[in-house]
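In the part that follows, the structures are each spelled out as structure tokens.
Here subunit A shows up in two complexes: once beside subunit B, once beside subunit C.
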Partner chain A sequence: MLNEPVGVRSPQFSNQWIRVTPLGSVAYWYLDSMETVRRLGNMGEGWDGYGSPSIPVRTTIAANYILSLVSQHQVNSPHIAPVPGGGIQLEWDYDNRALEIEIHPSGEINFLIAEGDEIIVKPLHEKLLSPLLTWIQTGYFT
Partner chain B sequence: MSPQQRQQIGDDDILWRRLTTPYWIKDSNGTRRVSSAAFKGSPHDLELSTHAAKLTTLERVFNSNPHALAVGEIVARMPRDLGLVVEHDPDEEDPSHTIIRLNTQKGIREKHAKELAKKAHLKERPPPELVKE
Partner chain C sequence: MPSMSSEHHSLPDFAKPPVVETVLDVGFSPLSGWGIPHFGLFWQSIRDEYPTFRDQPPVLLERETFGNKQSQRLNVAFEFLNQPEARCWFEEKSGSRLIQIQQDRFIHNWRKTEEQQEYPRYENVIRPAFEREWDRFCSFLDQQGIGLPEVQQCEVKYVNHVDFDGWESFTHLVDALETWPGSRGFLPLPESASFITSYLMPENAGRLRIIAQPAFRHVDSKSVIQLILMARGQPKSSDRRAILEWFDLGRQWIVNGFAEFTSAKMHHIWERIR
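Let's look at the complex of A and B:
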């Protein structure tokens, strides 16, 4: 069971399997995080009590894709939260550092890093993921 | 409600943001905190609903719709220091309703949400056996 591969579909090419993640190589929290994303995707319209639209399928697919990449790093489980408007965000806090990855319903993905009073928000590219995860754990970019 | 019935919200006035989903409460380095997602709003709704503590009670906020598991407590000065407008926006059902007008620019809105979440104090709904009848 542990080595059973899990396929992840690309957010852009939803009919094509582009990645297979052997479960033996992923973080302990990976399956739980996918279950959380599934639950968020099942929340109905108005889930926030203020009329937010539900979270579109493409957002949950993108969130699962990001989680599959993150799960291959030695990083703690992210806090996963729904964002009004239909987004999903992943959050980590280490000491005085914070990293957030927000998947917007439009398909756009941004990251936010905060250290002390300094906060930066930028678009996320896949190649930035590894340095960001290293930074949140160590305080250094590699 | 007419503008005449609107009240001034002072810089030191306490505002409560309802946390209507458990996913907006996170464990941060062993402490339960408010997720910035609770303060983000959306491009379609740039008025973040809060409740002025001086015009209501925590009990009332917890026991009226939308259902809240907790509130994120801030003071009006915090969003104002970020350049955001805070104004009393009462309605018949909720005379304490107060809005924070969020920035229209997405990246800035995310930063502001993070700032507010970092400063917000989490107040959780008491367990049912502690709630007064």
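Let's look at the complex of A and C:
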């Protein structure tokens, strides 16, 4: 599970603990997405008009982590939105396919894939991220 | 030979250094008796202090080579393929210290945390903590009949995060950048830059690398300049004293290198003491 993200691993797998994303090789949309997450993290309680709690730091860190992984792939920028209850959702739509990654305030991370009427919701494991991104772009998991 | 204490007092010092993490890394020949169960057995022996573990992919031992010895790199890569594909992180309760273990590595990290903002100093905390944990690891190997590590390489790394506070341009970070294109001619000041420089230590004792790159820090969603100083080399032997001597040398190069590489303007911000 991606409950406790530890950062992006560089290709040689680093011995560092504090992880960052070097900005030399990331997608064009990466910094804008980070700014969006930062703004979401700064929203106060009741941001949705229905008393929703603010988004906890661990959720924004997890979102940053996932976006850092995603930014290494050739994929379009996600739509990033807050979720009532204090979560963050990343979403991509291609043709009749949709991929959503929801980061819950508890630290739990799920993904949803939908194609036509078929919908699957599962916990997200880091190893699944690459196949899911391939699928949303091509319709195939390989 | 000067003692560590006298060397320490001659090194540059800063009241507010930008260091956020230190790494003391010992690479050794793969332990032939080491297997997956040993991660758990070792964890049991340190669990009271290091209650959290995480799985990680192994780190490749990138051996420094000097002259035309590139073939060694291939040998090491081959050894790497035969290892259990595992590295374990054991995190200390306070969140400021980490032990990383894999079949051919022992790594001890310190990092800055919310609670521990001040760098605790190499000679007071970082070095003694490594010494204690290395001894404990070697005792464990001995108890398990695995044998002591045959050390191939040591690495000291200081990771500095330079926030965009109190300085206006990337060129202010490093004196040498003042004369880069963009400082005095048609081009405007560079908004960003990345570079890697390496320096050979005398008598092939090792190599110092300085790496600067703009980066995004996840924990607080901030853009920073990550300035890494990393010294690698082979200690004279595998015993603890030789390892610590090499770490002292590597750290000496890092501290002197940092002071020489960065600008007086930044030293003022970091409150240089000597």
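Just so we're on the same page, the second predicted complex is superposed on the first by the 122 of 142 C-alpha atoms of A that agree within 3 Å, B and C clash if a C-alpha of one lies under 4 Å from a C-alpha of the other, contacts with A are read in each partner's own complex, and residues count from 1 in each chain.
The rule we apply is simple: a contact is a pair of C-beta atoms (placed from the backbone, for glycine too) under 8 Å apart; a residue touches a chain by one contact, two chains touch by 3 or more.
Just so you know, these numbers come straight off a predicted model, no measurement behind them.
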| item | value |
| --- | --- |
| Touched partner set for A:41, first subunit B, second subunit C, both or neither | second |
| Which superposed partner A:68 touches (first subunit B, second subunit C, both, neither) | second |
| First, second, both or neither for A:49, with subunit B first and subunit C second | first |
| Which of subunit B and subunit C A:30 touches, first, second, both or neither | second |
| Which superposed partner A:93 touches (first subunit B, second subunit C, both, neither) | first |
| Contacts of A:116 with subunit B and subunit C, given as first, second, both or neither | neither |
| Subunit A partner contacts - residues on subunit B that touch it in the complex | 18, 20-21, 23-24, 26-29, 33, 35-38, 40-45, 49, 65-68, 106-108, 110-111, 114-115, 118 |
| Subunit B contact footprint on subunit A (complex, rising order) | 36, 40, 43, 47-53, 79-87, 89, 91, 93-95, 98, 100, 102, 110, 112, 114, 119, 121 |
| Parts of subunit C lying in touch with subunit A, wherever the complex brings them together | 20-21, 23, 25, 54, 56-60, 62, 87, 89, 98, 100, 105, 107, 109, 111-112, 155, 157, 159, 161, 192, 194, 213-219, 221, 223-224, 226 |
| Touching residues on subunit A, where the partner in the complex is subunit C | 4-7, 9, 12-24, 26, 30-31, 34, 37-38, 41, 60-61, 64-65, 68 |
